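Below you'll find a set of structures to go through.
The two complexes that follow have subunit A in common; it is paired with subunit B in the first and with subunit C in the second.
Here is the complex of A and B:
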């Protein structure tokens, strides 16, 4: 694998929109060519090299390209957007849209991410060591086709709107989440290892949610149907099994109504 | 002799009443009296004749005082500030006409600005829910003539839309509602006992911030499933009673306000309200409507959707296409994250409505207010440009809360030399074209559209 290192040396006045920081855009270019890639700060066009020191050489294809950003990206948007292969590692925080519309490859952020991390993701893996703000693995506004595949792991807390309109893939929040998990979802799996305030599975048609902590306010549309033993992300425990959202439409298959499943760890 | 002008539109709330009568002085420069208006609407007409109104742009000086300047200087300053900024934000439009909004759209495109309206801090979540889930709505005329079960969720029209209940929702006698309020069942969902709640047959005093759970309970009940004994602080029996009234109604109308779309969950509360409306339609006829705040706050949604494809939070900074994603391109988020470097406040009061931290960030950069009156935003601005009052001194098209366009009239002449929003922003656009040595294509095209000869000459 060929490694390209970007070292931020100047903080932008506003925020940089860097759709170009991805193995797909870097592959087959020289360090000098990468420095010449155009990014945006508001309405002005600037060059990647104006803000980052580029070294190393990418591979010929995205698969063979690893990107290491040796510094904080708190004011950098769209890292790894639409990437299909390769990897990106950031030593620090990243701003909005990390791995948005991502199709493959791996992103590792050692700090926190802002909102819209993994929005409309289709494949690949995102690991965030810190916290995430809102809309982790959510759909874009007005789109009924949310996250379709891949894995997002947030090692810290997350805000609201996790997996809205989700169709597939897995989201793991290792600490607590605020509200609205898998709203409108029709597939996929969300695992919250901490507590959630409420609105878990609202308007949910299909899919699974696991909550290893507590849900403060349970939705009235979820009904307990039993208790099951499960092994979830390295934790074996007994879970209360709920189905729902009973207020929402549900498909029928082989003479049976298909519901979404909510598993809450039995205390 | 003073004369009465009839069928005047009222530039106050989203009800956009168009049955006002206004008595104007001989010289057509002063409003003497109004009929049919609510107290607030009445005040707006009298306010226009206030002797304390500014009639020239006022520029902040280095020592903090303000100095009157000419309109040409103000236009030049605004054009230069917009061109210099990397990402200007133009926000407001609660109280202006569609012509003004369209002119600002042309300026924003030229400036590569973010264009946002008061929906951003008001019914913006409703837009997001509508994108996600549709909008089974109707006109206020249909409410008046058909609705026999009216639900007010987190809104208080008795205070915020004073004539709403008498013109459309509770009291009027309509074609199928000949007995007026005797025939209507009123349900109010509000954590407080508001004056609207006092009028209701059923008042569900919900725990604040649990709207989503209560909607979910209604939906679960409507599909024949059981619910817990208490949801969101409301007893199961009350929920069943209210759900029964709605199912048995001939036409159910849900009006919702900030209490629904600005508690936790925001767009999701509206989203599930829309789903509830859809569910109700398998039992009876049901419709839903946002209680839009200002008389033409539905206007920017209409105008900019036509111009750019999005109703609010329109980021035009890319120059090639419009981008919209509230949370990123919404005014408060942009301000709080220090993402804009010039702010133009048009026909609203960001100084009063924004969080103080957001205003502090915006104040680091040029801050311009375009508004007929003195307001908190005008008093902290670097430049305040007064304009004519729409609906009083300036006619124009406005969109009522049900998205019905209404042509508003002018009743008196504005102060001498004071332009309308449209005139002002067209001049800003022309000045920007001069400064960038580009052709003012929109002005030329508008000449064609109006059939005027300016473009052909």
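Here is the complex of A and C:
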């Protein structure tokens, strides 16, 4: 694997939109060419090199390219947008849209991420050691085609609207989440290892949610149908099994209605 | 005095029966002239095709329902909104582009005039605000009449003179261009949760039938002598088996003569006929009736049509046919917006994905093209997509490609999942017709200009006409084997001169032009009863005062008003 290192040396006055920081955009280029890649600061065109010192050399393909950002990206948006392979590691925080529309490869953020992390993701892996704000793995605003594949792991807390319109893939929140989990989802799996305040599975058609802590306010559209033993992300426990959202349309398969499943750890 | 000469292009101008002659086209200021001086700016069109600017007779490009679509579908803009290039405005959206993108995209394709196809009268100020914000292209808007309480009440009593006086007033009040009918009676019935699916279903409360509304408005239109005929979106749109209702509506025009001073021969423009040429009695046995419908139109000379071709894209449907949009939402479960416009109309908006791998969509695609290929008179058959209902207007070049190239049609047909089923349900596979550039110019320029009563300024390159001249990178004598090149050439013109102003160069916008708003001011003899009715209805029924209803002049700051004196 070939490593490219970006070292931030100047704080942008606005936020930088860096769709171009991805193994796909870097592959096959020299460090000098990477410095010349265009990014946006508000409505102004700037170059990656205006804000980052670029060193090392990428591989010929995205798959052979690792990117290490040796510093904080709190004012950097769109890291790894649409990336298909390779990896990005950030020493610190990142702003919105980390790994949006990502198809493959791996992103590791050692700090926190802002909203829209893994939005409409199709494949690959995102790991955030800190917290995430809102819209982890959700669909783009207005779109009914959300996350389709891949894995997002937030080791800290997450905000609201997790997995909206999710169709596939896995989202793991290791601590607590606020409200709106898997709203409108038609597939995929969300695991919340801490507590959730409420609105879990609203208008959910298909898919699974696991809550290993407590749900403060259950939605009335979910009905308990039994108790099951499950081994979820390294935790073996007994779960209350609910189906729902009973207020939503549901597909039929082999003569049976298909519901979404909500598993809440039995206390 | 600005002079331009477009030199040595292959000129295609069906209005003068010119088909590919190598000629110069001279422009002085905003008009085409015989000759210009030696100091004129020269544009070299050698080896390229030269036509007059395109005329779009039917598109939904401005106003509340377009804007509801924009608000409801932020995802329509995703990755489709490139950064602005100074001094031009940012362009955003695909099926419901921003006003700026709308103007720029039409201009890149060489279009000079676009008719907004359905203006809710109460919201006409919004329509005009958006038209004003759409650069370059000239535009008009058709207010909707066929579910309007005044019209229903007058026509129920067969009061043509009163309908005409009200129509003239509404055109003036809304700065409207002509008489649009959308699902006559059906949209009014929708206020009761009902619809009118045949021409004889009575409208609840008003007790009038769609057939009576259509006939009454044809009569009204010809009484006033408006530049355009009635423009109708018929009942039962998008329903298997609806072609018989379509033919029934056409028959209402039989024997009616056009009365106007604008060289218009038609008395009915039937829009997006693709949606109205369906056979079968369910989506299972859904099939094309394009031949039956076009056979009738071929023989009935006082009807014009536009195609409403399905382009196999993800798009946004929007129509004043409220019940239809509800029906669509029940089919696809996507987002649905619906509104009722008091006393006048209604509207709905639903996103739609015409997937080439769904059998029904493939058949719809074929029907639109079959109609375009079966048409015997390209002067009465116009290319549209009912933008954005069957697809966005930026696909016109793709439709031209399909109509001009059997190879292109076969490629699309072959790429479908249900090719054989589409072939079984349509004639598309056996149709060998390939439209010529001359016919395309009829279907996109000369024809629609004549149907709109605008053939004295648009639709031809004759001296005296508006200086709208477009150059396409196509060699008339050596057309490309690769049909993709046809689409590319029509999508981004080499040059487009709009009203004497060079607005496009090598496919890029280079000027904001001087757009105008066309509307029709029909002066009728003062009609005290209608004036009293208007005052009374506004007092009793409307939520707005009459004084706040009329479109202010400042909303159409660059008007082109067509005055008509209606003889008493």
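The rule is short, and it goes like this: the second predicted complex is superposed on the first by the 267 of 267 C-alpha atoms of A that agree within 3 Å, B and C clash if a C-alpha of one lies under 4 Å from a C-alpha of the other, contacts with A are read in each partner's own complex, and residues count from 1 in each chain.
By our rule, a contact is a pair of C-beta atoms (placed from the backbone, for glycine too) under 8 Å apart; a residue touches a chain by one contact, two chains touch by 3 or more.
What you are looking at is a predicted structure, and each value in this text was computed from that prediction instead of being measured.
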First (subunit B), second (subunit C), both or neither touched by A:198: first
First (subunit B), second (subunit C), both or neither touched by A:15: first
Greater residue coverage of subunit A in the superposed arrangement, subunit B or subunit C: B
Touched partner set for A:144, first subunit B, second subunit C, both or neither: both
Which superposed partner A:184 touches (first subunit B, second subunit C, both, neither): first
First, second, both or neither for A:87, with subunit B first and subunit C second: neither
Touched partner set for A:41, first subunit B, second subunit C, both or neither: first
Overlap of the subunit B and subunit C footprints on subunit A, listed as residue numbers: 40, 43, 140-142, 144
Of all residues in subunit B, those that touch subunit A in their complex: 85-87, 111-112, 128, 131-132, 210, 212-213, 216-220, 222-223, 225-228, 231, 264-265, 268, 271-272, 275, 279, 317-319, 324-328, 337-341
Subunit C - residues contacting subunit A, complex: 72-76, 78, 83-84, 333-335
Subunit B-touching residues of subunit A, taken from the complex the two chains share: 13-15, 40-44, 96, 115-116, 134-135, 140-142, 144, 160, 165, 179-180, 183-184, 198-199, 202-203, 217, 219-221, 223, 245-248
Complex contacts: residues of subunit A adjacent to subunit C: 40, 43, 45, 140-144, 249
